[in-house]
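Note that chain A is present in both complexes that follow, paired respectively with chain B and with chain C.
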Partner chain A sequence: MRTTFQTSYLQDVRLFPDVRRAIRYAALVALAAALPLVLDDFLLGEATNVLIWAVAGMGLMVLTGHAGQASLGHAAFLAVGCYANAILMERVDLPFVASFLAAGAITGLAGVLIAIPALRLHGIYLAIATLALSMLTEDIIVLAEPWTGGVTGLVAPDITIAGAQVDRYGSPDLFYWLCLVVALIVTLGYRNVLRTPLGRAFVAIRDSEISAQAMGVNVAVTKACAFGLSCMVTGWAGALMGHFIYTFNHEVFTVIISIQLLVMIVIGGLGSIQGAYWGALVLVGIPQVINIARDGAQAALGSSIVIPGIETGLFMAILILFILFEPRGIHGRLEKWKVYVELFPFCRRDMFRRQKSYLKTERMR
Partner chain B sequence: MSLLDVDGVTVHFGGVTALERVSFTVEPGEIFAIVGPNGAGKSTLFNLISRFHEPEEGDVRFAGESLLRRAPSGIAGLGIARTFQNIELFEHSSVLQNLLVGRHTRRRASILAQILFTPAVRREEIAHRVAVERMIDFLDLQPHRDRIIAGLPYGIRKVVEVARALAIGPRMLLLDEPASGLSAEESRDMQFRIKDIRARMGVTVLMVEHDMGLVSAVSDRVLALADGRVLAIGTPSEVQSHPKVIEAYLGTEAAAP
Partner chain C sequence: MEILQLIVSGLANGCIYGLIALGFALIYKAAEQVNFAQGDLMMFGAFVALGLTNDSHLGLPFWVACIGAVTAMAVLGWLLERSVLRRVFGQSQIAVVILTIAFGFLLRIAAGLIWGHDPLTLESPIAGVNQHFGGLVLGLDELTVIAVTLVLTAILFGFFSRTKLGIAMQASSQNQLAAYYMGIPVKRIHGLTWALAGAIAAVAGILFASKGSIDPNTGLLGIKAFAAAVIGGFGSLPGALAGGLIVGLIEPFAARYVASGYSQIAPYAMLILVLLIRPHGLFAQIHAKKV
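Up next is the complex of A and B:
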């Protein structure tokens, strides 16, 4: 097992605890940046999709995984970001970078506004309220027809950055790199939040509101911050998603998307940035795996097999398996394997078992 | 001037009287203990100072300023830190992260600066770390620094909670049953630590405790509560021999069959 010898407090504050890890992540980023050179257009589109879902996942992760506020309504914020970006580009004629940033700000503001009534709600009640929000948004999109195009929807305007045409179909590699840059910036910002008082306040209100208050954490302000940041990032993901799917209407951002997003981060591993990426990989990967399996079955049996709803079914089955056997998701499982390998053969079976605590002062809520 | 001035506070929960016109003062540098049977109103009194409960009448002043105008999250900023009877730590964080939350009121950087992690934020983080590290040294928590709370034994958690409260840099520390659930040895350690906190950090200590051994060993003055009323205030031996206190704990002869 490797132990980092600490010689200064700066080591704990840095992005990476040691050089090895920094090199590993740099290699990963280099690999991700080189993907357009290797993959064909279809697979590159899927890789882009993973990045967009990962950004959306990070948006929800900060709220649910770190601040502990469940939301079943994040499709609503994806929609706000998507429509805000498209409308700003089309009607106000803003360049993409400006409209993209503004879409994030608008969605973040919407999140803070939603947070104000939602502050009084806990757990399941908050989930239900946000679920209602998600359902309402579908109707609002239809009703706000002059802006959103109603049932017909909108077509994503063309993106031009520094003279270059960034198009999902025309130049998939440029669009992929755009998504990669957004994902990296969001990841970096997320990581920064986690190592500052704000991130610690998020975790504090998740684990014990009462003692967070006694430590001077203003619970209402912190929750509003969590909603604001979460929705801002989700709005950005929504804006990218709009460009990715090209045409969108009210049927794109349904409650199912909200649920998928939440399930995705649970499978990935709540409370970790990596979890958002793992979850996105599983979400986007499942249909591909099914396709490959279907082709294989067709070749073997000579007839095609079509099972309606298999993708969602498989996704939810994976969720159930994770909740039963690995509540900490893919990221948690990988961490455990890592410790197992590092300590081999000294890893004990109960190593990761947590002591249960039954006494909790929640009655003062 | 007294550091803490509890002035005639009354709290009812429905028909139950939790506190009835309770008044006392805590002087700077004092170790002040509150004792009393279960349901006497000790924890209510603490939660009143933490602003989790609202008094129906009376006032609570800290260094001359009324606490009733403050929100619960504004209390720590005044220099009042507390621990909880049932331990309220952030279960899934390390000891270090828990203590760093104690520095929350000392943060200066804006949210934007934190997201960008500017050099000023970096310096601030190091300063927080130095302050927290001092508490770790003071309470001998070095071996547990990076361990997750959920895996720590009860006795250590109690000490971590005291360390987190001290990380605020308080003028007054409220300890809610610091020795409950501790072994005899751990309880004796806690006794020395409470004295150390006053001697080395100049922190005034207000504590609720059932263990009379600990109370008489550390406290300057003791307040005995029963059924929400003050029975006696004085030195530990005065209070222990006070007829009303004996009556509250043991009953009267007339009441005995």
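Up next is the complex of A and C:
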């Protein structure tokens, strides 16, 4: 194991713990930026999809992974971001960059507004309230027809940045780079928030609200901040998603999307930025893997096998296996392998054993 | 008269919600777990009964099919607890929530594979028979639903407050460790609880399928029933029934007197309202948070 020699406290909060890691991430970014040169248009579209889901995943990760507030309603905020962006571009005629930022701000504000009453709810009740919110979204979009186009929906307007036409179909590489830039900015911002007092307060209220309060953390303000930040990022993801799927109506942002988003970050690994990316990779990758398997089966058997809902089924089965055998997700598994390799042959089974715990209720009868 | 008719159909619908909500409340009360798959269990129970009794399938007599479906679902519930949920015993509630959501999806896909995605109707003796009381037309199915729900709630309420097993169930949810010390086999109790919830889901499913057609997506009704359970106060059995009735009554009235688009919204709006005013439901069971 590599131990860094600490010479100042500032080293604790550095962006990268050591130079090696900085170089590794720089190489990853360079690789991601070079992808349009190697991939064809279809795969590039899938890569773009991964980035958009990763941004949405990071949005939920702040709230669920770091601040410990489970939300089953983030599709609602995706919808707010998506529609706000499209409406601002169409009606107010804002350029994309301005409307994109404004869509994030609007969604963040909506999140804070939701957070204020939701502050009274804990754990499971919060999840239920956000679930109700998610159920309402679909109907509200239909009812708000003058703005949202109701059942017919809206078409994402064209993006023009600095004279260049950015279109998912016309110029997929430009759209990919746009998503990559957004994902990078969000990742950097996320990493930086975690290094601030606010980020540490998030983790404190996740681990124990009461002890956080005793340490002088203002729980209400911190939770509201977590909601605001989370929804802002989710709103951006929604805006990008709108441009990615091109036309959208009330049927896009269903409660299933909310569940998928939560499931995605659980598979990726709660409480880690990398987890959002891993989860997005799995979510987007599964249908592709199934397609390949289906083609293979068709070639081998001579008849096509179509099982409706197999994508979701496989996704959920993977989820069940992860919760049972690796609750810390893909990221946690990789970390464990890393420790195993670094300590070889001194790694013991007990190093990662979960502590036995028992539940108590707050009910009185 | 029209209002009375609306009330009766609302009550019958509300009883179905109440029955599903009863399953939620039961598991929460006895195992401190939240089962998001209850709606899908109900759907699956209905399909099992349908597969046993319909002429196009096995064609068994209706009552045999009912008993068969209830038994099968009880076994399924027990197996689910035994094989999956026992492994996350003592961990946070969110783990169980996510697990049951995933399990619900799997049930939906399994039902689609076995019985197809087209809506099917259960051939039951109580479907489509109408009783006339003055100008009021009541379906026998609606009356049966209301009666069965009331009886079942009363039995369960008595079970939890009077019998030794019911009290052991409550104890094992209130403090798992203390219950262990008192000699209660907490894990076995959890298994029993899930079996009971599965059986109730089957009853709800049979009643629901007698009132109309079912398809694999019927399980999404569970979310509305979930709203009902929370409105009533999670973990309270009479509360679950009351919540179900409230949701069932709001819907037809919102559709009749506001606008049809709003009847979908009404239950969830009500849920959010209740969560804001009385965060722990109408029949709240939490009085003060202990450190």
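Simple rule for what comes next: the second predicted complex is superposed on the first by the 353 of 365 C-alpha atoms of A that agree within 3 Å, B and C clash if a C-alpha of one lies under 4 Å from a C-alpha of the other, contacts with A are read in each partner's own complex, and residues count from 1 in each chain.
To be clear about the criterion, contacts are C-beta pairs under 8 Å (C-beta built on N, C-alpha and C of every residue); 3 or more make two chains touch, one makes a residue touch a chain.
As the structure is a computational prediction, the values presented were derived from the model and not from experiment.
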| item | value |
| --- | --- |
| Which of chain B and chain C A:Ile210 touches, first, second, both or neither | both |
| Which superposed partner A:Tyr25 touches (first chain B, second chain C, both, neither) | neither |
| Partner chain in contact with A:Leu133 - chain B first, chain C second, else both or neither | second |
| Contacts of A:Phe42 with chain B and chain C, given as first, second, both or neither | neither |
| Touched partner set for A:Trp337, first chain B, second chain C, both or neither | neither |
| Chain A residues touched by each partner, larger count belonging to chain B or chain C | C |
| A:Leu10 touches, of chain B and chain C: first, second, both or neither? | first |
| Partner chain in contact with A:Ile124 - chain B first, chain C second, else both or neither | second |
| Partner chain(s) touched by A:Ile307 [first = chain B, second = chain C, both, neither] | second |
| Where chain A meets both chain C and chain B, residue numbers | 210, 354, 357, 359-361, 364 |
| Residue numbers on chain B that touch chain A, as the complex places them | 47, 50, 52, 71-77, 81-82, 84-93, 96-97, 100-105, 107, 109, 111, 114-117, 121-122, 125-126, 128-130, 133, 150-151, 164, 168 |
| Residue ranges of chain A touching chain B (in the complex, touch as defined) | 9-10, 12-13, 189, 192-193, 195-198, 200-201, 203-204, 206-208, 210-219, 225, 229, 271, 354-355, 357, 359-361, 364 |
| Chain A residues touching chain C - in the complex, by the definition given at the top | 70, 117, 120-121, 123-125, 127-129, 131-133, 135-136, 139-140, 142-143, 210, 255, 259, 262-263, 266, 307-310, 312-313, 316-317, 319-320, 323-324, 327, 354, 356-365 |
| Complex contact set, residues of chain C against chain A | 32, 34, 84, 87-88, 90-91, 93-95, 97-99, 101-103, 105-106, 108-109, 112-113, 117, 170, 173-177, 180, 223, 226-227, 230, 234-235, 261-262, 264-265, 268-269, 271-272, 275-276, 279-280, 285-287, 289-291 |
